[in-house]
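We call the chains A, B, C and D, going by the order they appear; numbering starts again at 1 in every chain.
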């Protein structure tokens, strides 16, 4: 390809990268908080589904995606409350509860989708979602225009949300206590802070953001709900957190990395006359992410108390 | 200055089953240094944890500065100027000193923009009290002594009037301990009140104004230090006569069991920790390794037991080059190892006591037969051992986690000695355990020596080294900086060597 | 949907459906479900369906359960049900087992195939006449999809052998977001005709076109999807599988159904498969070409499934 | 003794959990306008109502018990294998290959060959994640998740490409040899020896974990790697073994599905057994004997729910909710003791 072609090719792929990465960014950022406080939530897939469904349902009835988003967060917070109640207060095994959330998330959303929308199948898919906002002039810029200035509001939001997250985690007393809780809860306890409260807060943040990540799929990236529409994104987000070394920006860039590989495979399939079996292209994101992860030079250790319920006397 | 700052009235605290405190009453005077003595499990830590608001008492009143108070959490205690330095440090290793110090000091929404302000204030404090520390350093990089300084600074930063220290000297050099005790005296002079938990009687004698002795959850007595001596205190604690000195060594030294040549070992971060040391241990002798913890002793122990790889040099066990042998092969060669941290290595906390006894031999007869565990034999063995080593427990099926540290240590000692090793490597065998247990453990080690084993004893407790060793090697920054006979009179030189004061390797002899 | 289990008295005409996925998913699984409902309406049959997920291990049992409950007609909606049907059919000679998109014809196991390659051929013709390039977005690579795409390409080639056509498989029937991005990728690759065959995920494609604006075209698949991208729909390919099955079911109910061969719906069955164009979206010339193609296909002059070289 | 205790523990609490779950499910049913009693009645009949239904229930339990037993070993050894689904696929592929290639062989040879092939390839696929952890310290949670996606995509490639059947050209492999089919044990039902095999595997893994010295070593590794090293146990080998064993069990499950039920390989041959298996193992508190019961419980819920959908038209997705709530309430009742990481909570 000659330079110009390459540039436009890249521009399109990178624009898609950002859109595809967005659900991972929200979800993994939330999980960073939860895990930094020592709570591992492998139920992200389920929480995302619940977020996706509530956002869809509310937007469908109110016709306003903003309400959908609010509803998704509420749904996420409810999940978080339940998750924290079980894993923090009742000290239940976090993997168990996470696994359960995945089951319930899929079952509940599918069941409700049918009970509530089975009649309205056709219409159910027609409501307004967040549509791309073209920033005047800027969006006309060559190369950058398409990537940076022709996205929907939730995509634009990601860097700012991550920035806020990083600030909260590294620059506030709350963040300090979160980071301490995941490493050495007893210390937090003896410093007069309430380990339980901090973990509740972090889990709530985690689930709320996961729900937003799911909602993005139904009220921003597309405007419909399908059973299991998250298609495993919750699990990828889980991996993203580890590869991103439990840091907000790490999660941000690893999400983009995965999004890039995914966009690339879709784009390569779209090139007419390509003969390699499409499954090879499909495998690309997972394979490359795995390779990147395994060959990482520096790999941070997980928070020492990750997954360990805290029993104070 | 006999005004009372805090008064405890029949404090009672029970944990599922175990009664930790059965109605303890105690008065602490403003500006005094008050020692708490007692065996493991006597209830010292729990009692103080209550004063610090970590635990809520089942019954009993706390009267602070004349008015009864309720401490729902350490926050309440800190607000009132009560600070505590815990036995197991309460520091977040991944955070910096200053982050650790301000943890919990500000409301959640507080923005920590001006860390530098905090840091200057900490520097000011550390200068004022002579507690040298770099506020920016991450805690996991600090030596144990430094970490303790951080703990104390934390209390000072919060502004304490009553400072509780739980076994603070268990991990310090004589110099560090001396410095700490001196510091405490000075602070007491300035009106700070100190409650000081320890197992070391001479410290009590040195520093305290009064002593309270606890025995299984009850107060035995509070006495003016001036009116007692160590033996008296020991009897109060244990409730019987204790021999503080070891019986003289019997039996002669034999052939070389362990010989170490130019041995170098790296720590887990890959930095050199042991730098070309050479020495040997003969059968029938106890060689003590003295040094501030963190000068390569731990790595030496790991290296000699096959748990860390040898960077260069070699060591022979019973004449066989052992550099690349696995822990298993080494123990078959006759090595037994009492590790430094029993909770991390020595025992498997969720396992039963019986299961812990077979940690090395779980797959060899008599405990295993063609691949299967023989529960009967295992239980029988455990019962015999706990009997012989007088481990206090309710049953060998009980989780070892529920035993006191002292009793956990007895299990480890029993397990290792039972192997009747050619070389016995013991690392901090009595750290944090009480006199009764200590006496017992030391006897066992000496006895093992007398039956002809070679013993390498690593300890940061000079008393212990003097009590047990035949000769001492002093470690400083991974090197042996001196060899001395194990005689108390030499404590000055030894202390200096441990602190790296005199660099040239010299043999002190008289 | 009433939750009460209907009594199974004698003489009730009972029809069961094995659905390979959520019955409310768009496209493939939905047409079978709607067919079932239509049979209930038109013939007053007692109907029942079961979603057997993508788990062939369960098919045999489902067939057996229906048959042993005296269902006269059971539809396995997908070629993958064939094995199981053949195994069970032996034991239940009185039950007809219909298998969607299969060409089987063995005793009481009959393949029912609606040949999508024919309508897709027509779309190919239109695309090649009107557009610059075409993109096909499939859910998973299975015969119903691949055949449809072969038909499309044959249609294209019949007009312009060099007309670029690219194909993308999502590996999912539900991931609308991926479908949408796939569509964007194709647009970026220069395609202006983008046609999904990916069930629920498919409408992601319509959204992509809707956002991109006029000048990019698609067809509704199996149903009318004009509303999802009003300015981009050239037309809709309707597949009234229900009507087709009703016709069969009526014969079965009246005992008039005798098996000559497997059932294959095509453009010849005008009440089952047809294509409608939106007003004024295609020129008379194109319409003419399409009608010609229809005539030739029905007359068997064109093999829409001719192997692509 | 320990066996009795564990069985008791396994039966009582989960029963209560199931009750709660059915209650929640019932509320949903009412909300959606179904009659819970009818629905559950049908569900019960569907699971246990007849010899055939019981057989079908056990058929569904079989892969769950196999996978659950394996995962119990992994989880007890402190390695979080989320990849049973992928390992099942790996097993199914290898088993199918064996069943297609070695057609000549007599049943008493071919059947074992097929099963071993499945177990081996599952063990390798799982072992890969174990290797990556031991060699590179790569978290198994990440690697097994990725390997799941890869195994499923690879299968899709094989059945649409190299391994696609000759006739029909449907994306599925040819049928495996008659001689590779597992013998049925309850004719006319489809119940096959795979079920007995799963019981056997559960028993063996139980003995391995709690009665053998190898199991002692694995459990030590799971609780405290440091103590394990000190005890002369090779931690790396332990983790590898644990991953290989759990992967092998999952692979065996794949082989059993192919040689017992489907007789060929399709895309999506598993409806998520690998993930249900995690729940099954955890619900049994990682005790293989308990896994037998929890496996049958989950199998019954699944097979009952299909009949419920068939005869009461209740969407079978409801079963996921019920299964999930079973886990949640079990968790709430404090069934689960072990913590996730190797670390103990410092005193």
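As a convention for this text, a contact is a pair of C-beta atoms (placed from the backbone, for glycine too) under 8 Å apart; a residue touches a chain by one contact, two chains touch by 3 or more.
All values reported here derive from a predicted model rather than from experimental measurement.
Chemist: Which chain has its C-alpha centre farthest away from the C-alpha centre of chain D?
Modeler: So the farthest one, by centre of C-alpha atoms, is B.
Chemist: Which two chains meet at the most C-beta pairs?
Modeler: The chain pair with the largest number of C-beta contacts is A-D.
Chemist: Provide the C-alpha centroid distance between chain B and chain D, rounded to the nearest whole angstrom.
Modeler: Chain centres of chain B and chain D, defined by C-alpha means, are spaced 47 Å apart.
Chemist: Distance-wise, how many Å sit between the C-alpha centres of chain A and chain C, to the nearest whole number?
Modeler: Roughly 34 Å, centre to centre.
Chemist: Would you kindly tell me how far, in whole Å, the mean C-alpha position of chain D lies from that of chain A?
Modeler: About 28 Å, centre to centre.
Chemist: Give me the residues of chain A that touch two or more other chains.
Modeler: 110, 114, 184, 186, 227, 279, 282, 304
Chemist: Of all the residues in chain C, which ones touch at least 2 other chains?
Modeler: Touching at least two other chains: 1, 141, 171.
Chemist: Two or more other chains in contact with one residue: find those residues in chain B.
Modeler: Where chain B meets two or more other chains at a single residue, that happens at 88.
Chemist: Which pairs of chains touch each other?
Modeler: Touching chain pairs, listed by label, are A-B, A-C, A-D, B-D, C-D.
Chemist: Would you tell me which residues of chain B are touching chain D in their complex?
Modeler: 88, 305, 307, 326-328, 331, 337, 339, 343-351, 355, 358-360, 362-363, 367-368, 371-373
Chemist: Okay, in this complex, where on chain D does chain B touch?
Modeler: Of all residues in chain D, those touching chain B are 207, 211-214, 216-217, 219-220, 223-224, 226-227, 229-232, 234, 344, 346-347.
Chemist: Which residues of chain C touch chain D in the complex?
Modeler: That would be residues 1-5, 16, 48-58, 60-62, 64-66, 69, 79-80, 82-83, 103, 140-143, 171 of chain C.
Chemist: With touch defined as at the start, can you tell me which chain C residues reach chain A in the complex?
Modeler: 1, 22, 24-26, 30, 133, 135, 141, 164-169, 171-172, 174-178, 180-182, 184-186, 188-189, 191, 200-201, 203-204, 207, 211, 223, 227-228
Chemist: Using the touch rule from the top, collect the residues of chain A that touch chain D in their complex.
Modeler: It comes out as residues 40, 42, 46, 82, 86, 90-97, 99-108, 110-111, 114-115, 184-186, 227, 232, 235-236, 238-239, 242-243, 277, 279-280, 282-283, 286-287, 289-290, 293-295, 299, 302, 304-311.
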